[in-house]
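What follows is a set of structures for review.
Shared between the two complexes below is subunit A, which has subunit B as its partner in the first and subunit C in the second.
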Partner chain A sequence: MIKPVILWSDVLIYLLVISVVAFLIQLRKRPQTRERWRSVFTSKVGMVSFVVIAFYVLVALLDSLHYREALPPSGEGEQTTAYSSEVKSVLDVVLHNLHESNEKTYSAPFAIYSFAKENLEADDGSIYRDYPRLEHAGKHLDDPSERTGDILWRTLVALMTGLLIAAVLIGLHKYVLRGSDGDNGIPWKAAYITIAILSMFTCWVIQLSEFYHVMGTNKVGADVMYSSIKAIRTGVLIGTLATMVTLPFAIILGISAGYFKGLVDDIVQYLYTTLSSIPSILLIAASVLLVDVYIETNAEEFNLTILRSDFKFLALCAILGLTSWTTLCRLLRAETLKVSQLEYVQAAHAFGVSHGNIISRHILPNITHIILIALVLDFSMFVLAEALLSYIGVGVDPSMHSWGNMINAARSELSRDPFVWWPVISAFLLMFTLVLAANLFSDEVRNAFDPRTVKEGN
Partner chain B sequence: MTNNTVLQVNDLKVRVGQRGHELVKGISFHIDQGEIFALVGESGSGKSLTSLSIMRLLPNALQVAGGSIVLRDTHLFRLTEAQMNDVRGKRIAMIFQEPQSSLNPVQTIGDQLKEVIQLHQDIAASEMNQKMISLLEEVGIPEPAARLKWYPHQLSGGQKQRIMIAMALACEPELLIADEPTTALDVTIQRQILELLDKLRKSHNLSVLLITHDMGVVAEMADRVAVMQYGEILEQADRDTFFKNPQHEYSRRLINSLPGMDHYLSANSQDNLLSVDGLKIWFPKKKGILQRTVGHTKAVDDVSFSVGKQETLALVGESGSGKTTTGKAILRLNEIYGGSIRFDGQEITDLNRKAFMPLRRDIQIIFQDPFSSMNPRMSIREIIEEGMLSLEVGQNEQEREATMQRLLDRVGMLPEHLNRYPHEFSGGQRQRIAIARALAVNPKLIICDEPTSALDVSIRGQVLDLLRELQDELGVSYLFITHDLSIIPHLAHRVAVMKNGQIVEQGATEQIMRSPQHPYTQQLLAAAPRSPLEHAS
Partner chain C sequence: MATYIIRRLLYAIPILIGVNLLTFALFFMVNTPDQMARVQLGEKHVTEADIEQWKAERGYDQPLFINSEAEGMGTLTQTIFFEKSIKLLAFEFGKSDEGRSISADIKERMWPSLAVSIPTFIVGILVNICVALLVVMFRATSFEVAAMALCVMLLSISPVFYVIGGQFFFAKLWALVPISGYLPEEPWRFVLLPVIVGVIAGIGAGTRLYRTVFIEEANKDYIRTARAKGVPELTVLFRHLLPNGMIPVLTSVVVIIPSLFMGSLLVESFFGIPGLGSYTLDAINAQDFAIVRSMVFLGSVLYIIGLLLTDISYTLVDPRVKLS
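Up next is the complex of A and B:
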């Protein structure tokens, strides 16, 4: 028996997915915009980075389906089932190998011995200090010297499995596409290669984790790969949710300032100049501390750890969003000022079209490119901002997996001798891939939507 | 090739990329010493590409695919880039269309002039100042010694163009390329610049390649003319032969696009549709933290005129004279400071947004730039229908659809164009669509804000004809705002001349054009390029 747990952040991320799907359906009616999006996907870079981002989003979505498992009934005839206080997600099922094989403390990637010496008992009963064998990693090996061969063999098998899965996916896609006309200039080959690489990587991680810790373990013996993958949800969510918080402020205030001018403009300008003259780190730190106090005083509402960390996480998204809308707002105000002077807006005035209609039909569509570009750029900025804030200790809850928390821990890990490098590298690689993909994708979006790069008539 | 030839262009071809579309298709011409050679054509004819090829400044995407250009004895295509740099500025100089963007706004005139001279000539610092002053004197800049310390924004457009000419002349070039040198200037200033060019040509024995689309300029200035269309030279002749006996059909069309000045429309309307009385549009100047109003910029000051039913009033003036501001104020796109506007007997100055709504059906506007007057993200149907929907013209969808199809057909477009987007049409076609959009709500008065100044000459005539036919058919009145005096006899019943926000003279077209009373009107008329037919005979 399981009991689904619905967190607020889960609801929000699925709402977002639904609105993206709605946007895509609505896109079918607009041939011009569809053409532009097509041009994003006709570039190899755009396609590859999209596939990578989609993979991250998929992981985040799987990680956003939470449930609690029922505990085995403690006594006979008990009517109510008790549920475990541990909230799991669907992703945990996929990664159960990583999740359930905890060691005592640090161990290096693919190690079968612990990283710290312990008192061990020899066969003759004497006590000596040495590196003990790990509890889970490599326990199937009788002889430690078989390790390299074993890893290589299992890697080969895993890669083949990954390739097979990729082949099935690609075959399915080709089967679906068979009716349509050719390839439309979309570089499917690049997409296929990316999918194959991602699938091989996933298989490799999952299969090898059964026998080893691919990226080692951390201080409390938890698998580092597991934490870094779980941190994907945090990264993706903070990127999207914080951006979504900025948008309404930036769009509504920016357009009204640029369109109505006068007093409205004065007020909006006053607002964002004031806000942007306060150091944002200070503002964020203060707000996060406020949220902490709120959680302390209302402890009974947050009876599960995950509820508490989720609340804190959402608060962080909101705070980040509330302090970061000024740049986009300023850009939109300037662009609206420009567009509202154009003759087609004047023509609409001459036809007595209402303000609402002018904004939604003439102004908004002609500044969408700025919003889109800012949206994708802000995404990577927020992912990095989360890491930075967690590093200085005002970020997400320490119980939540996040790259920032991992990097924060690296402060002491890197100052040890010999130093522990794998948690920070693991966090860095996954974050780097996401941010790089997002930045490359934003470049492509900018190229396709920026009127200065688009030739008239294209 | 004689000793007298400065530039010889042989079979020049320019194409896109390695094997793309040819934009200039093998043209040949030569320019003699001390001659003004005019290359005439409309936008897209390849005339500017030809001049860029001579300077070897073609954009990267374009390539010279064949032919040769010889300056005196130098084959320009055989020079290295470094040698070519010596030719540019020193032997061939160029002046551009837009003086506003050709000068660096953060450097003084003197610094920029000095830079050009130092690049190509070895002049001692003590003589430099004297040289610069004499250059500025030559191009007719008053107080040249003081002006050297000025910044470009302190000068007017005409003075900037004079500075550009001084820079071009600084190194005594053999050939001067003038790429539409007067298009961005007002008529009176255009006149002065042309006279200056002609004077310098004579005093320096300079050869000029004049690139233009304006037949009036050609008729005044050129010694020989070549007409370009679609990358080919259709016809080459000396000026008098060309205007008397044009060989090619296209040349004839270009020449005839200049309307003659002998036929006038007479004012015949008795009842006034629109009457403007003492209109003032003042913009407050604000100062200090409290934004106190300390004075006013008087864009339009005490202007009175009237437009009769089925009549066209031409509002003529140079840029900055307040004519567009007046037009927009009638539509309430600008705030009115004082005065009264009456439309069909009803006072409309004080109406609020809602009360003005019904009048928007009666007064419509056609803008100057057909490229920015339509939302690029809406289809033609949405563009035309927007006004009908918002002003509740047409009962239902079928009726609106029928109206739109009829209008498109009337302005010479096809009904299936409704589903297309603005970028699929040329400038002339867009202006026709803009006319259809204005007509869709059955207006009584259309304010035409320079509707033809962004169009090529041969299309200009067609659009003007269309406007006149529509007036006869539908009985609309036009307030026609323009700076181009040559199209007025063609179109207007009455003329009002504006200067610095005031009307200096108004009356029937024939009276104003034949015997202008005010000195400013006389100046404007004298500056307008004369009809080439008159000129040649």
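Up next is the complex of A and C:
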């Protein structure tokens, strides 16, 4: 028996995904925008980075379905089932190999011996200090020297499985596409290769984690790969949710300032100059401290750890969004000023079209490209900001898996001797891939939608 | 010009008042002094008397806006809002929650901050401009593609990793510079690594920005004319393109010059430099709101000065721009 746990952030991210899909379906009706999007996807870079981002979003979505398992009945005649206080997600089921095999403390990637020496008892009863064998990793090996061969063999099997899964997916896609007119310029091959690599990587991690810790273990012996994968949800959600918070402020205030001018313009300009004149990190830090105090004073409302960290997480998204809408607002104001001087807008005025209609029919479509470019750029900015804020100590809750929290721990880990490098490398690689993909994708979107780059003839 | 500056300075006043109101609302109304005291004194086992004493020592025991017990102007001045917020406008920062004078701390800590931020700023701009020029020089070659790909990668790395990586390789593995710390007698030894890290961390974004500026400039008619006349490519770049391209570059960086004073939170705390950045960070971690409030105010003053300098710099570099 399981009992679903619905967190606010889960609801929001699913709503967001549904609305993006609805938006895309609606876009199909507009030939011009469709042409632009096509040009994003006809570039190999755009296609590959999109596949990578989609993979990350998929992981985040799987990790956003939470539930609690029922505990086995403790006594006889119990009517109500008690539920475990540990909240799991669907992703945990996929990754059960990774997080159900905790060691005592640090261990290196693929190690079968612990990182720290312990007192061990020899066969004759004497006590000596040495590195003990790990409890889970490599326990199927009788002879430690078999390790390399074992790893290579299992890697080969895992990669083949991954390739097989990818082949099935690609075959399915080809089958669906069979009726349509050729490849119409979209570089499917690049997409297939990316899918194959991602699938091979996933299989490799899942299969090898049954026997080893692919990226070692951290201070409390938890699998590092597991925490870095769980951190994907935090990164993706902070990027998307914070961006969504900026949009209404930037769009409504920016357009009304540029369109109505006069007093409205003065007020909006005053608002964003005031807000952007405050150093953003300080504003964020101050707001997060306030949320902390709020949680402490209302502790009884947040009885589960995950509820508390989720509240703090959403507050962080809101704070990040509320402090970052000024740049986009300024851009939109300037562009609206320009567009509303154009003749067709003047003509619409002369015909007595209402303000609302002019804005939605004539102004909004002409500034969408700015919103779109800022949207993708902000995403990577927020992912990076999370790491920085967690490092400073005003980021997400320490109980949440996040790259920032892992980097924060790296500070002491790198000063150990011998140093512990795997958690920081693991966080680095997963984070770098996501941000790089987002940056490359935003470049492609900019090339496709920004009229100035089109003129340059890229 | 003078009237313009005066008008801009007057315009800054409502903005600063706005900043003050906002921080005041954040620090005192959402979060009452009672809650602050409780957090500072530890969560449990705090008596009312302890809280009252803590508030009285720091001047938080007054009413927020209007003191009905005082007489005359006292009704307005003997309040938290006046004491803690209005006095900031006169740069009276008062004392931190630990009882130290904040302005003395700022005067002492601004030098290490400047010792790191000024070299980082100058070297950073020079390096970015050189790389951007190089890229523009090899336009439409595979060098440009490779360089721009590298820039996107550098841009996608969190600044935290540059700091961690720099410290790990330069200071720990190769032991070229001290890992962290600061000595006023020989600052350069301690400043070298933070500057290098700061410059490298900025290359990706900076080069991309300046490249677009230079390319926009390179598409203009006078460059085409120069090339058509047969002016050598290097002369075109350095004599024609660079001076004109520098205008948008310089005017775009002027806004951050005053803020250099504040130092960098991340770099200073990681390298143990006792500047204003680490001062702020320590205050955030210790929840010393008096310091955080002062630094917020100082930061916005510097930003507004930066905006003003930007406008003035436009008239200095481009005689066509007139301020009115």
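Throughout what follows, the second predicted complex is superposed on the first by the 454 of 458 C-alpha atoms of A that agree within 3 Å, B and C clash if a C-alpha of one lies under 4 Å from a C-alpha of the other, contacts with A are read in each partner's own complex, and residues count from 1 in each chain.
Simple rule for what comes next: a contact is a pair of C-beta atoms (placed from the backbone, for glycine too) under 8 Å apart; a residue touches a chain by one contact, two chains touch by 3 or more.
These numbers were taken from a predicted model, which means no experiment stands behind them.
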item	value
A:E343 touches, of subunit B and subunit C: first, second, both or neither?	first
When both partners are placed on the shared chain, which of subunit B and subunit C touches more of subunit A	C
Partner chain in contact with A:A222 - subunit B first, subunit C second, else both or neither	neither
First, second, both or neither for A:Q32, with subunit B first and subunit C second	first
Partner chain in contact with A:V245 - subunit B first, subunit C second, else both or neither	neither
Which superposed partner A:I232 touches (first subunit B, second subunit C, both, neither)	neither
Partner chain(s) touched by A:I371 [first = subunit B, second = subunit C, both, neither]	neither
Intersection of subunit A interface sets (partners subunit B, subunit C)	456
Residues on subunit B engaged by subunit A in the complex (per definition of touch)	328, 331, 333, 356-357, 360, 363-365, 367-369, 372-378, 383, 386-387, 390-391, 421, 423-424, 434, 437, 441
Subunit A residues within the subunit B interface of the complex	32, 342-344, 346-354, 357, 361-362, 365-366, 456-457
Interface residues, subunit C side, partner subunit A - complex	14-15, 18-19, 22-23, 26-27, 30-31, 35-36, 39, 43, 152-153, 155-161, 164, 167-168, 172, 215, 219, 259, 262, 265-266, 269-270, 280-281, 284-285, 287, 289, 292, 295-296, 299-300, 303-304, 307
Footprint of subunit C on subunit A - complex, ascending	270, 273-279, 281-283, 285-287, 289-290, 293-294, 296-297, 380, 384, 387-388, 391-394, 403-404, 407, 410-411, 414-415, 419, 424, 428, 431-432, 435-436, 438-440, 443, 456
